[in-house]
Amino acid sequence: MTTKKSDFLFRLYLVIFLAYLLLPLIVMGGAAFNDSRFPSVFPWAGFTLNWFVELWNDARLINSFKNTILVALAVVLLSVPIGAAAAILINSIGGATRSILYGLMVAPILTPGAVIGISTLLFWNKLAVPLGLHLAVLGQVSYIAAFVMLLVLARLQSFDRSLEEAALDLGASHSMVLRRILLPHLYPALGAGAVIAFFQSIENFNITLFTRGPYDTLTVYVFSKVRSGITPTINALAVILIAVTLTGALVVELRRRRVQAKSA
Amino acid sequence: MSASVELQDVCADFGSFRAVDNVSLSIEAGEFFSFLGPSGCGKTTILRMVSGFISPTAGTISIGGKDMRNQRPNQRPTALIFQNLALFPLMPIWENIAFGLEARGVDKKTRRKRAEELLALVDLPNAADKTVAQLSGGQKQRVAIARALAVEPSVMLLDEPLSALDLKLRQHMRAELRAIQKRTNVTFIYITHDQGEALAMSDRVAVMSHGKLQQVAPPREIYNQPATGFVAAFVGESNIFSGTLASRSGDRGEFQTESGVFKGRLGPDIGDGAKLYVRPEHVKLDAAAINGNTIPVEVTDIAFEGNFISIQTIDATGRTVVSETRNDGTASVPDRGTKLFASFDADKAFILADEAKNQPVAAA
Amino acid sequence: MNDLVHRYGTALTLLMCLAVAFWLVILVIVPNLYLFENSFRPYLPVQDMGGPKDVYTLKNYLTFFNSPIHITVFISTVLYSSIVTVICFVLAYPLAYYLSKKVSVKSLPAIFLLLTVPLWVSEIMRSFAWFIILSLRGPLNYLLINIEVIDKPIRWMTGFRSVIIGLVYTYVLFMLFPIYNAIQSLDTAQIEAADDLGAPWWRIHWRVILPHAKPGIASGSVMVFMLSAGSILVPTLLASTNSRWFTEIIQQWMFESLDWNTGAAYAFLLLILCTVFVTLVMRIFRVKLSDIAK
């Protein structure tokens, strides 16, 4: 089974697959620097940074960027505590109640964004809450909290519950048990949860589309631009976003490796 | 500094399973008291009730004369050393030790100072800033003890604290624990399934089986005068003869077995199912028969154990009778196949209620 | 529960329960019930709401069942989402196997870094990239003409072709990672033992590796299908007039007709579709919900 030939084929496949994943992004990024009205890399009409300048002068874009960050921060602030509480709760119960609660908690992950968006819209509209970014936040929290819950729950599996009892036995108050024993153990999961919540929120389109009202977020704004007539400014924006997130991802990864190397 | 602990008719149920069955005993202030029993007999459950993590299904527990019914674990004057130690892995050693003080709002400088004093007490200077992962098993053990001592408990509860250590270290820590107990004069309640540990360290030992107390007595009495068949079989070795009680007079009885009729001391509460127990070191082997409690045997095997010699024999019915003699360097050892007479003193033989009758009891 | 009170006290426990209740009741259960309820109400002007005309009705669902076009769109959405799911599996499985059992541990982090790059780029940008590539005057046609494979540009974005390409590209990683995780937990010794016994490679996959990868395949399939059927961006960007997606019709009700009630009914149909799919997958693969959502 481990013949040379099959190994070569696998390797070839990996290269093709990676090319398939990355080439479109490179094409899109390249088009941001091409001096052509239509975003493309062929034919190459000369190098330009005009599209970045045009982007910078787009006030709506800057505004939608601010909105996106605000929404993402709010989502992090809500979904991390909710997800953590849910994980702690479900970890301490068993039997049928646990299965039911677990099912309810993961259901939003398996629900299409459009459904979450519309149900959120209808419900809050009934309560006379106007559309807007706050509803986008609530809609997003409903499924992002589930991601946090799953991360924290996984981390709780490695938690030795007798530590809490030991702390109580030594006279610690309940809040001290939480602050000094449980939360420090959960920090890695909470951190990962916060990062994932942040990016999921920035990414989100389906829920935001139905709940945003008159406000723009980045994805919605880009969507409307793409529909109304594309220009390479969108590519320029993509280049910036990719650069920022990749740098962020790289920094996180490098730091993780440094920590790992230190503890090893 | 130390307090007495009183258990009265304490029961603990998990569902329909009774883990602790009607236990009553009182532990004196400053005593080193051990619970001894096989795995699963309810020892940990008792400790968890005393420290307040579970409430008894029935009965009362009082510490220092005070009923503990509504006292939460963090309000009781007890400190529990967990079976797995439960040291806080994310804190340096000194914060581990000072955790109880932190909970009491002691300022950081005092905490640090106290932690270092306690580290000196348990013979671990220079460990203050290490992490838990950097310590060896024995060192972790001592940190756990220091952490418990830091809150100046009146009662220390220790759940098999030495079970994870190797033999040498275990023996060293036995002495150390005993010394710390004498120095601090705190009441120690100690759990173990290692009889050597219980007998060597304790002022008194409670032997348990299937959630029930079998005997509560000083170590010597546990060994020399077992109250039940379970104790006789579990603590030390015994030759066990099945049979029926033929007659009784006072605290003596005659016991009919297949191998013959033996005289022995009667234990408490003997019903139909009783057995006769006699320790190997009380079985003597002679060339000539002596009157009473004597049976002819044949030597089948000899085991040299260092400080003593164990001689295995079988009697006419084929049952094994073991005799042990101290090895003082001059003891003569019979050859295999030698025909001898085994005898034992009626004072050293016990007719006790059968352990098979102490089966687990389902809760009502 | 009692246990929680023991550890964290009444106040903290109550706080945690409240947070979870807020999430599950206010954000999940009640809005969905409300969606359900609304889908049975007629679309009325404001002054008629709560009036005599505001009664429960099946009208919104009948709109769907009486519209051959909508039914066709629904069926094509199901069909093409399933095709996307299958293609994603075919693409991802060999790679997942290769990565988990063959690649040296040293090169894995680098490969994974490269694999996850697209995940850091938002979905809209990924669809947009294919929009550029596949457009009539785009780089793909230009390239193909220049190397003389074709002599005039191909209209790629017609029918469901481009939608499938876009969806596969966008969601294939959601298939890859669960399968990778599942296969990785398989003891390599089992594969070697089967190999030792002379089993041909396809048999080893069929009898040993695939069964072990089941939870991963189930998880990946559910995610890819749900995301595809519920996708709005990809179909809007890459579909043509002759290839409409069900979510586009929902959008029409919500934003063009402003008939939220019929929109709710259609959204509910989509929800039912996904629920049925999850249930089917759980049955077929004999896995639990906790295997799928990890």
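Note that the chains take the letters A, B and C in the order they are written out, and that residue 1 is the start of every chain.
Keep this in mind: a residue touches a chain if its C-beta (ideal position, glycine included) is under 8 Å from a C-beta of that chain, and two chains touch if they have at least 3 such contacts.
Model, not experiment: these values are computed from the prediction.
Novice: Name whichever of A-B and A-C has more C-beta pairs touching across its two chains.
Specialist: Most contacts of the two pairs: A-C.
Novice: Would you mind checking which chain's C-alpha centre is most distant from the centre of chain B?
Specialist: Comparing chain centres, C lies farthest from chain B.
Novice: Suppose every chain is reduced to the average of its Cα atoms; which one is closest to the average of all protein Cα atoms?
Specialist: A
Novice: For chain B versus chain C, what separation do you get between their C-alpha means, in angstrom?
Specialist: Going by mean C-alpha positions, chain B sits 61 Å from chain C.
Novice: With centres defined as the mean C-alpha position, give me the chain A-chain C separation in Å.
Specialist: 16
Novice: Which integer distance in Å separates the CA centroid of chain A from that of chain B?
Specialist: Whole-Å distance between the two chain centres: 57.
Novice: So which stretches of chain C touch two or more other chains?
Specialist: 6
Novice: Where does chain A touch two or more other chains at once, residue-wise?
Specialist: Expected reply: 165, 168, 173.
Novice: Any chance you could list the residues of chain B touching two or more other chains?
Specialist: Answer for chain B, listing residues that touch two or more other chains: 53.
Novice: Chain C touches which residues of chain A in the complex?
Specialist: Contact set of chain A toward chain C: 1-2, 6-7, 10, 13-14, 17-18, 20-22, 24-25, 27-28, 31, 38-43, 81-82, 85-86, 88-89, 92-93, 99, 101-116, 118-126, 138-139, 141-142, 145-146, 150, 154, 164-165, 168, 173-175, 177-178, 199, 202-203, 205-206, 209-210, 218-219, 222-223, 226-227, 230, 234-235, 238, 241-242, 245-246, 249, 253.
Novice: Can you list the residues on chain A that touch chain B in the complex?
Specialist: That would be residues 160, 162-163, 165-173, 176, 180-181, 184-185 of chain A.
Novice: Under the touch definition given earlier, write down the residues of chain C that touch chain A in their complex.
Specialist: The touching residues are 1, 3-4, 6-9, 11-12, 15-17, 19-20, 22-24, 27-32, 34-35, 38, 91, 94-95, 98-99, 102-103, 111, 113-118, 120-126, 128-133, 135, 137-139, 142-143, 146, 169, 173, 191, 195, 201, 204, 222, 226-227, 229-233, 236-237, 247, 250-251, 254, 260, 263-264, 267-268, 270-271, 274-275, 278, 289-290, 292-294.
Novice: Could you please specify the touching residues of chain B with respect to chain A in the complex?
Specialist: By the definition above, chain B touches chain A via 51, 53, 72-75, 78-80, 82, 84, 86-88, 90-91, 99-100, 102-104, 147-148, 150-151.
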